Structures are given as C-alpha cells and as structure tokens.
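This is the structure, below, for whatever I ask next.
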Amino acid sequence: MSIDRRQTLAGLAGTLALPLLGRSAFAQGAGTFRIGALNPVTGSGSPYGTGMQKMILAAAEMVNAAGGAGGRMFEVFAEDTQTNPQAAVLAAKKLIEINKVQAILGTWASGVSLAVIPLTNDAGAILMHTSGAPALSVAPSNAKGLGYRFQATNDRFGRAFAEIAQKEGFKRPATMAFNNASGIGNTEGFRKAWEAKGGKVLEAVVYEPNQPSYRAELQKVLAAKPDVIVTGSYLADTTIILREWFQTGDATRWIIPGWAANPDLVKALGPDVTEGLFSVDSISNEEAPSFQMYDAAYRKAVGQPGLSNVYGAMTWDMVVTLALAMEAAGPGADVAAINAKMRDVANPGGTKVYSFAEGKAALKAGKINYEGASSILDFDAAGDVTPDFGVSVISKGKIERRYVTKI
Amino acid sequence: MDAYLIAIAIVTGIYVLMALGLNLQYGLTGLINFGHVGFFCVGAYAAAILASRGWPAAATFPIAAAVAVAAAWPLGLVSLRLRDDYFAIVSLGFSEVVRLVATSERWLTNGVQGIAGIPRLFADLSGTTQALAVLALLLVLNGLAILAMRRIVASPFGRMIEAIRDNEEAVRALGKDPARFKIQVLMLGAALAGVSGAVYAHYIGFIAPEQFVPLVTFQIWMAIVMGGVGRVSGALVGSGLLMLFLEGSRFLRDLLPFVSEVEMASVRIGVVGLALILFTLYRPQGLMGDFTRR
Amino acid sequence: MTDLLELAIAGLMSGLVIGLAALAVTLVFGIARFANAATGDTMTLGAYATLGGTAATGSLIAGGAIGILAGAAAGVIAYATVFRKLERRSPVAALLASIGVGFVIRAGLGLVYGHGQQVFQLPLVRPWRVWGIRIQPTDLEIAAAALATLAAVFLILHATPIGRQMRAVADDPDLARVSGIAPRRVMIALWALAGGVAAVAGCLLGIKTVVAPEMGWDMLLPAFAAAILGGIGHPVGAVVAGVLLGIAQETATPWVGFTYKIALSFAVLLLVLLVRPRGLFGRIEGVR
Amino acid sequence: MTLVLSGLTKAYGGLRVVDNVSLSVPSDGLVGVIGPNGAGKSTLFSLATGFLAADSGTVSFDGRDLTAVAATGRARAGMVRTFQVPREFTHLTVRENLMAAAPGQAGEGLLAVFFRPGAIAAEERAIAARADETLAFLRLDAVAATPAGRLSGGQKKLLELGRALMTGARLILLDEPFAGVNPVLIEELSARIRDLADRGVGFLIIEHDLRALTRLVSTLHVMDRGRLIASGAPAAVLAEPAVRDAYLGGAAA
C-alpha cells in the first residue's frame, strides 16, 4: 500500500491530540494529486471493499507509470468506511484535512455516500461513489455537481428487472426486499417500472435481517401465487430464503440482483435449488479492452476474476476518468477545472479510448470518449451513468449470461 | 489537520453527553440502562424531522430532549419496578423497538432510506469556524450538564439516588419509593441522550435506523467503565479513550502492516472486548478512581 | 387455518433454537447469578466448530460432538479466566465482562474464518404433506436434535450427582456450601453444560441459516427475552418461553407485519412481567 | 395497641413458613420474638412490613388496616424495620445515611433542586442538626463523616436504628439488633432502646441473644416451625416445657 509513512505517523500524532508536526509537513507536493480511497473494507460492504481499494491503488499506479495525469502523479490514501456513516464521516474528515485529498473515490452504501458528500462539497472535492440512492443525484447532495455515480441507481435496477420480467413472459410478479435503502430501492423501482408497463405487483414483502427463519415472509409472498419473485436482497438472506423456499416444494421463478445471486450462492445451495434463477447485474463492459486491463489487474491483485466484483471495475474507472479529466484540464488545473472536463472525456462525441495511456495520447489530437471497464461510462446531467444490465440464468450450478438488456 | 481534530472532538463531545446521562443512571443510581441508544435515536429523529421542516435549532434541541424524556417516562413506569437485571434486558428491548419504529414508520422517518440533508448548525458560518461553533456549543451543553450533575449530587435528591444505588430495599424500608426517583433519573439521562442525538443529527447530516444499534449503547458503557463509574471526570476520560480506540485503529493499521483491513474489524472488536474484560477484572474503579468519594 | 398452522410450525422451529439459547442463559443465571452475554458468541463458536468437525470427519454427528466439546471448552475457559474472579462481585461486573468475552470470541472467529458466510452442505429435500400441511423432514431432524439436547440436560440435572448439586446451588448457594458441595466442581460442570447447550443452539441455527461471525450475537436478545419470560433460572421455563415467543412472533405476522414481529417478543415480555414479575415459571423469592 | 398482626400466614409450596400468627405491640411496648433458625421470624417481619405479601391474615397499625398497603406506605405510616444483615448506604457517610432517612424532604424533588436552592439549604440545615442529635444519642458522632461501609457490624446496627429514628417512626422492628455486636455495645444499645420506649416508641425485636432480649422486653413470643407456641412475660415463657423442648432443646442440639 503506497501510504506515506510520515503522513501516517503525523496522523497518529493527530489522533493523540499532539499536533507536533508543523503545517509544512502537510503541504501539497508540487507534482502530486492526492486522492482518497474510501471503501467499505469492513461491515456489510466487506465482500467488495478490499477489491475496490486495491483497484484504486492499481489504477493509480498504472496512471503514474504512464507519466501521470496533467503532469501530476497520484498519491492514494486508503481508508475504511466500516460501511457505517459515522465512521465514514470521520474517515473523510481525516482524508480531507490531514491528507489534503482533492477527490474521494469508492464510497459504497447509500447511507455512507449521503453522509460523506456534504463534506466533499464543502471542501470543493470530487466524490465518486457506487451508491444507488436517487437522492444522491439531486440537491442538496449534488448541488455543486461534484458527485459522480458509477453504479446504476436503484430505480434503474428496478427498470431493468421490469424489462427482464416482461421479456421472459412473466405476468404475476411479487417482490421481496431486505429492509434497507438499497433493497427497497430495487423492488420499489421495479414496481414503478412494472406499473408503468400496465402490470400489477401482487405482493411486496419487506423483511428484516438476521432472522432465524424467513418462512412467514415466504408464505405471505407465495400465497399471492406469483409466477416470479423479484428480490432486493443480499447473499446471506438470499441463501436462507431460497433454501426455505426450495423446502416448501414451490416452483416459482426468481429474479435476483447479481450481488446476491453469485457463485457463493450457488456454492452454498447447490445446483438443484439454484436451477433456473435469473441473476441480474449492471454489467461491466466486458467486451471492451478496458475491461481486459481491469480484469488482469484484478486477477493480479485479488486472485479472482474481475467479474466477481463489479464495484472493482467501477473504482478502476473512477481513477482512469479522473486522470483523463486532469490530463484534459492541463497542468496545474484546480478541482473545478478538472470537474468541468469529466463529461468531455467520458461522454460520446470523441475518439473512443479504453485506457489512460491511450486517452492521454488521443487527447493531443482532440476530443476523447473513455469507454470504461464497468460500463460505457456516459454521465447524465446529474452525474449518473446508465450501465447495461446482464441477465444470467443459473443452470446446473453454472451462472450463464443469456443476454444484455439496455434501459 | 485542525478540522480533523475538531471533528474528533465534536464526536467525543457527543459521546460525553451520552456518557454523562448514563453515568447519572448507572454510576449514581445503579440503573442498568442497556437502551441508552434508544433515547439518542429518539432525539436525533426529533431534531432531524423538525429541522428538515425548517424549524430552527433553538427549537429542535429542547424538543429533542422533551421527546426523549417522553419516551423514557412510560418505559420507567412499567419497568422500573422490575428487578435490576430485568430492567437491563427490557431497556435493551426498548431501544430495539425504537429502531424498529424508525424503520417502519416511513411517513415520519422515511424508513430505511433515512433522513438526508439535515440542516447544519451555524450554517451561515463556514469551514473551520462553523466546526468550532459546533464544538463550542457542545462544550456549553456538556458544561451545563456537568453543572447540573454537580448540583444534583450535592442535593438531597442526589443523596437519595445514591442511597438507592447502595441499597434499594433499605430505601423502601424508610418509606421512600425508589421507583419515583429512578423514573426521574431515567428521564434526566434520556434528556441528555436526546440532546446528544440532536447534535449528532445536525452534525452528521444524515440519519438512518442502522446507525442506532445496541453496539452504540455498549460503547458508552465501555466509556464509563474505562473512565470510572460514578464520576464526571470518568465520563470525560472514558469517552476520550473510546474515541482513541475507535479512531486510533485507522492509524494502528499502519503500525501493524501484517493485519489486513478485513482483519482490522475483528481486531477492533477484540480490543474492545479485552478492554471490557481487563477493566472489570483489574480496574473496576476505572481510570479516574473509585466512586466512593467524589 | 393451514397457513396459520404452517406459521406456527415455522415459529416452533425458530422457538426451539431460541429456547435452547435461553436454556444456556438461564442455567448460568440460575447458578452463577448473572446474565451471560457471551452466550450468543458461544453459539457462533459451536456452529463454526461443528462445520470444521463435519468437514474433518465427514459426519455431521461427529462434527456436532466436536462443536459441543468446543462450546463446553469455551465455557470452562471463560469461567477459569474471567468469571471465577468475578464471583464475589456484582452481577453487572460479570455481565459487562461477559460482553467482553463475547467480543473476544467473535474477534477470534472473524480472524480465523473471515466475515464471509459459510453453510452446512446438507441435502435439501422437498416436504411431505400431511392433511395439506407441509411437514419438512429437516424440521423433524432439528426438532429431534433439540429435544435430545433437552433430554440430556434434564437427565444431567436430575439423575446425576453433579446435576443434583447444581440444582442445590441454584436453590440456595449458601446452604449448598454449608452442606459440603464443592462449588468449584459444580461451576466447572455448569459452564461446560451451558457452553455445550449454546453450541447445539448455534449449530442448529447454523443449519437453519448461514454461519457468520455475527449470527449468535443477533440471537442474544430473543434468548434473554425467553429466559426472563420463562422465569430466570428455570430450565423448563426458558425452553417453553422460547417456543412460545417463536410461535407468537410468526403467527402474529399476518397482523403486525415482518418488522414489528421482532418487537412483539418484547411486548409479550413486558406484559407478562407486569402480571407476573417473576416470569411464567419463576419462583417467588424472599427478601435476602 | 399500635401494631396488630392477626392470623398471618405464608406458605412456599406446601411449607407453611408462617402459620396463623397473631400478636400485637402496644404504642410504647417492648416486644420480643425468639425461635430457632428457620422458625419464620424474619418472614414474619417481612409480612408485617409489607416486604412480602401474606397469603392470609391482616396487619393494622394505629387502627388503620395496612394489609393492602405496600412496604413504603407502611413505613410512611410510622412502622419502620431494620434488617438482619445491615443494609447501610455503603458509599454515603454516616451522617448522610441518617439525613437520607428524614421524611418529606422538599430537596428530593428534582425541580426544587434547581429552582428553590434557598429553601433546600434551610431544610438541609435542619435535617443535619436532627441527624447530629440522633448520632450523639447513639454515640455515633465520632464516625459521622465516615463512609458507612467502613463501620463495624455493631455500628451498622446502630446506624440502622438511627435511620429508623430519623423517619420519626413510632414503631421500630429490629431484626437481630445484637448479632455481631460486642457485649459493651449491647448494653449501650439496650439502654438506648429503653430510652426510646420511654419516649413512646414501640419496638418489636427478633433476637437470638436470649439473655439480652429477656432483660429488655416486657413481652416475649416464641415461634417454632411457623407457629407461635408461647407468649407472655419472658420468665414465664421461658419456663414453659414446650418452649424448652422446641427452642432450647433445639438450640442445645
């Protein structure tokens, strides 16, 4: 981890309320641009956080190896949000105040991003996050336009679910949601989109985490006799629910977000239970060369295929996009100037590029359009991307991609 | 740098306010309140809901305190006549019920989506000045709480609650009803937690039910156990130590490079556990000494 | 009606697990006289040990035995290192220390096994239908395991010398000391028994759900509620109360929904305590 | 007649710990209860003072039926008990222990603490004066500022008596006041009790120390296995064969 030892000790001294080191120790080095990797390394985001952080570090190294962006090298400071707003606020304060970062990358849960974004706004820093809550797109959270969302909003997920349910010919959907912002966001988004298509959701069950059993919840949803159940759920609860569902002998189909319907789920439940499940994910831009680079980096850093962590691809893209915007803004540009270039380097209208080095070269010739590893990465006015959604079906214990749906 | 220290100081101040309340309840009266976070939650939501509707902070603070007190009153009425350890569990259950209400009643609390964009205190100030103003407010609030605590300890009321802590049966034998005093103490501690919650809501700017889990209660318990039960200085020192535990682990990681980030979460909780064990075993009086003599 | 019956069955199964956890809580409370908050994490330890044991031996039964041993060992170690030294101190000191013990156990499990979930790979079978009600073979097995544990505990308490001594200490510690019962032996037996019971509860919970470091801690609150509802220190009461709470929670869901069902156990607890301050089965205690 | 217990009964399971006990204590009377361990003496106290609810029987004090009144209410009515194992307020000083016992203090109201400091200060001065008087009377003035937890067993017994006096009780129920008290102090304590009786305070005393008790009380009741087996003047009661068998025989064995 490329953390400057002196900074760290200074930080420790800071916590001990012994600001022994003078202000000069924190002065911005001329040739560096400091960014914070603020990820859910522990807490409920822990399955993704470490990979996200490692991809920020790997991408920063890659940018530096290519000669830096806008004449500056990245210096990365890594922190853990603990997937907890209060811990995240303190971590963000530390990143902004002690480490003097000018951008914070990779916050994950909506609660965390909502708590951190007022701080980055105040500091005039950029926040790039992977949270789904619609509130992050608009004022007050994104009043300054410094926030960028690399993940589909929960609403968009819901729209994708509705597209898929329609395409697969389901007529009588019901939903089950884990009672948190993301879980309910998914199923509510689905309901809105489905009703817009003239359909009706037969039953919408919201359940609490950490229960010894979900049979009552299942019974209620199955009583409506749906032909498909759409969930906004996580791995542990999905495991328990599907096991109990299988044991009821029921034959309803399931559409489940990809972060829950993943290889771990298949491993936990076996091929019989998971046969025919739909797994939906905002997909990485897998055909693109950018994804190949990310995949190689992920395999090298984490030892798993890049597909296993879509958020890793997003944090990779965060660094590359930021670097390209810095390059486009030119040497010594301030954050506002860099921020103004974000859409210029990512949205359609220029030469398609797939890596920082490629983009840096192409920028000399004119406009570029970075096609990311996580999506084609086009930001709308609110700073949100609209990725494509991949639909996989689990068959004989294998998760097989069937098609890609665009919304 | 400065702003980070100020942020730490602000969060510590929020904890101190809660710890003072718990210290009054457990340290002075012997009430085993395991539901402290419930009052904190009630105060935070009261302030957040009102502030979001445009109420000024001058109004949200007293109302946060009042709502927390109003929540404490029925809890005290039904459960303070129970055995001490029963009250511990019932109060723990109470705080969970509060969290469930915040989760369920979406019309009021926006459910699990939480309340975002809670107006900040001293919004017309900016940057470090604003943070310093919040810190100053906390210092004033804590100062007032400590003064009130002093006044209570020196009063016949304080003598009676300490008598209850020492021997409740004997108090009843003298014809005084311990429950009456315990309810008042519960309400007073709840008021402090409620105000603390209001500061928290205004400061963090975003609250959701998942922030109000029982772990927060146990952190406050750890603070007063480490600092010294029954002493105002114990609440101060203990809260400081607690923040050192919670925030220090950020820096500890660099000193223990062989511990991965994921392992750090386990190390953190293990250190908290060990501290609880070692303090109860070897230093039950906490760092600031025995409560026998104030 | 069928629906309600199936809800009741679901509640019964959850209730058995809660009841076993409450049994572990109430055993310690009855004899060592404090609420042991490490019970939840001892459950988790039992679940992980059973997983490891099953993987090593290839048999769930042998794995379960290893889990029970691990739980018992954890109980005895916790007693020897921490709770023995707190015997003459207030119940609050022991309670706080037990929270610490729980945290330490959880930290250890997190360090060794990580935070990802693990599962018991058991064959999943479809249910039988009896008069239109779905009966799941797995339920019967879990229930059998729970009942066997209960039978073993009651056998130990009522038919062995050490069990009788434990009950004597529970009834009157001072009198028991006077009558020459060695408290140390009784306490070691108690902690082994309570740890073993908690391990079984954790193992059954792990089979029903998934094994993760937080799993037991999440069950602590319902277990405490059941132990108090049953009349603290009363083994039968704890199990019956656990089952009652489980059934009440699940069968109430059509009316109160899935969030407030968790609150229901506290509502029931409060109501019962208002009417019977000593719990359902609690003995009346004199002024000591 | 001040305190009248009539037909008090308390059973645990099938065991009748107190079985149909009736007795009375006159307003300035000194009444003793003796009996072997487990005879039900302390339970009788708890029934009389409302710390336990009787299965049947009534308690009246000054002609008022207190059977349905809780312990605090009975104490406020003027009958105050002490405990077999002293229950001092460990961390309070001896003087504070006594001051805490004074009834009807305005300073025990939370609002008054903050809004009527002057009135409270005056009240405190009065209570402190009364506490110091009582301490002097009980010869405890030397330890007035000592935390009560550090007192000897005998001093704690005196402290409990002092607290009962501070409440203005007209009947004091003493549970083994002489246990663990050295003989010199027993004489002292007996003298104080006699003084108080002369001033019109009634006493009901449970005691093991027969000699001290018989010299103190005017009426003696003997309990065995929950029942009253003898009542009357001490000398006469002790001479009864049933008492010798049950109590003295039991004690000898």
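Residue numbering begins at 1 within each chain, and the chains themselves are lettered A, B, C and D in the order written.
Convention: a contact is a pair of C-beta atoms (placed from the backbone, for glycine too) under 8 Å apart; a residue touches a chain by one contact, two chains touch by 3 or more.
Chain-to-protein mapping (UniProt): A = Amino acid ABC transporter substrate-binding protein; B, C = ABC transporter permease; D = Branched-chain amino acid ABC transporter ATP-binding protein.
Since the structure is predicted, the reported quantities are computational estimates derived from the model, not experimental observations.
Undergrad: Return the chains common to the contact lists of subunit A and subunit B (ABC transporter permease).
TA: Where subunit A and subunit B (ABC transporter permease) share a partner, that partner set is C.
Undergrad: Which chain has its C-alpha centroid at the greatest distance from the C-alpha centroid of subunit D?
TA: It is A.
Undergrad: Have a look at B-C versus A-C and report the one with more C-beta pairs in contact.
TA: B-C
Undergrad: Could you please state the distance in Å, as a whole number, between where the Cα atoms of subunit A are centred and where those of subunit D are centred?
TA: Chain centroid spacing, subunit A to subunit D, equals 73 Å.
Undergrad: Compute the distance, rounded to whole Å, between the mean C-alpha positions of subunit A and subunit C (ABC transporter permease).
TA: 39
Undergrad: Approximately how many whole Å separate the CA-defined centres of subunit B (ABC transporter permease) and subunit C (ABC transporter permease)?
TA: 30
Undergrad: I'd like to verify one number: the distance from the centre of subunit C (ABC transporter permease) to the centre of subunit D, where each centre is the average of its C-alpha atoms, in whole angstrom.
TA: 44
Undergrad: Multi-chain contacts in subunit B (ABC transporter permease): which residues touch at least two other chains?
TA: 100, 103, 169, 262, 265
Undergrad: Hunt down the residues of subunit D that sit against at least two other chains at once, touch-wise.
TA: Each of 51 in subunit D touches at least two other chains.
Undergrad: Of all the residues in subunit C (ABC transporter permease), which ones touch at least 2 other chains?
TA: If we look for residues of subunit C (ABC transporter permease) contacting two or more partner chains, we find 115, 259, 262, 287.
Undergrad: Spell out the residues on subunit C (ABC transporter permease) that touch subunit B (ABC transporter permease) in their complex, using ranges where they run on.
TA: Contact set of subunit C (ABC transporter permease) toward subunit B (ABC transporter permease): 34-35, 82, 85-86, 89, 91-97, 99-111, 114-115, 213, 221, 224-225, 228, 232, 257, 259-260, 262-263, 265-266, 269-270, 273-274, 277, 287.
Undergrad: If we count contacts the way the header does, which residues on subunit A are in touch with subunit B (ABC transporter permease) in the complex?
TA: Those in contact with subunit B (ABC transporter permease) are residues 3, 5, 8, 10-12, 14-17, 19, 23, 26, 41-43, 46, 49-50, 53, 78-80, 82, 84-87, 89-91, 93-94, 96-98, 110-111, 114-115, 118, 122, 133, 135, 140-141, 179-181, 183-185, 208.
Undergrad: Residues of subunit B (ABC transporter permease) touching subunit C (ABC transporter permease) in their complex?
TA: Contacts found on subunit B (ABC transporter permease): 26, 32, 78-79, 81-86, 88-90, 92-94, 96-97, 100-101, 103-104, 169, 214, 218, 221, 225, 262-263, 265-277, 280-281, 284.
Undergrad: Hey, which residues of subunit B (ABC transporter permease) end up touching subunit A in the complex?
TA: Going through subunit B (ABC transporter permease), the ones touching subunit A are 1-5, 7-8, 11, 100, 103, 111-114, 116-117, 120, 126-127, 204-206, 208, 210-211, 244, 246-248, 250-251, 254-255, 260-262, 264-265.
Undergrad: Across the complex, what residues on subunit C (ABC transporter permease) touch subunit A?
TA: That would be residues 3, 6-7, 10-11, 13-14, 17-18, 115-117, 119, 121, 124-127, 134, 136, 138, 205, 208-210, 212, 214-215, 218-219, 250, 253-254, 258-259, 261-262 of subunit C (ABC transporter permease).
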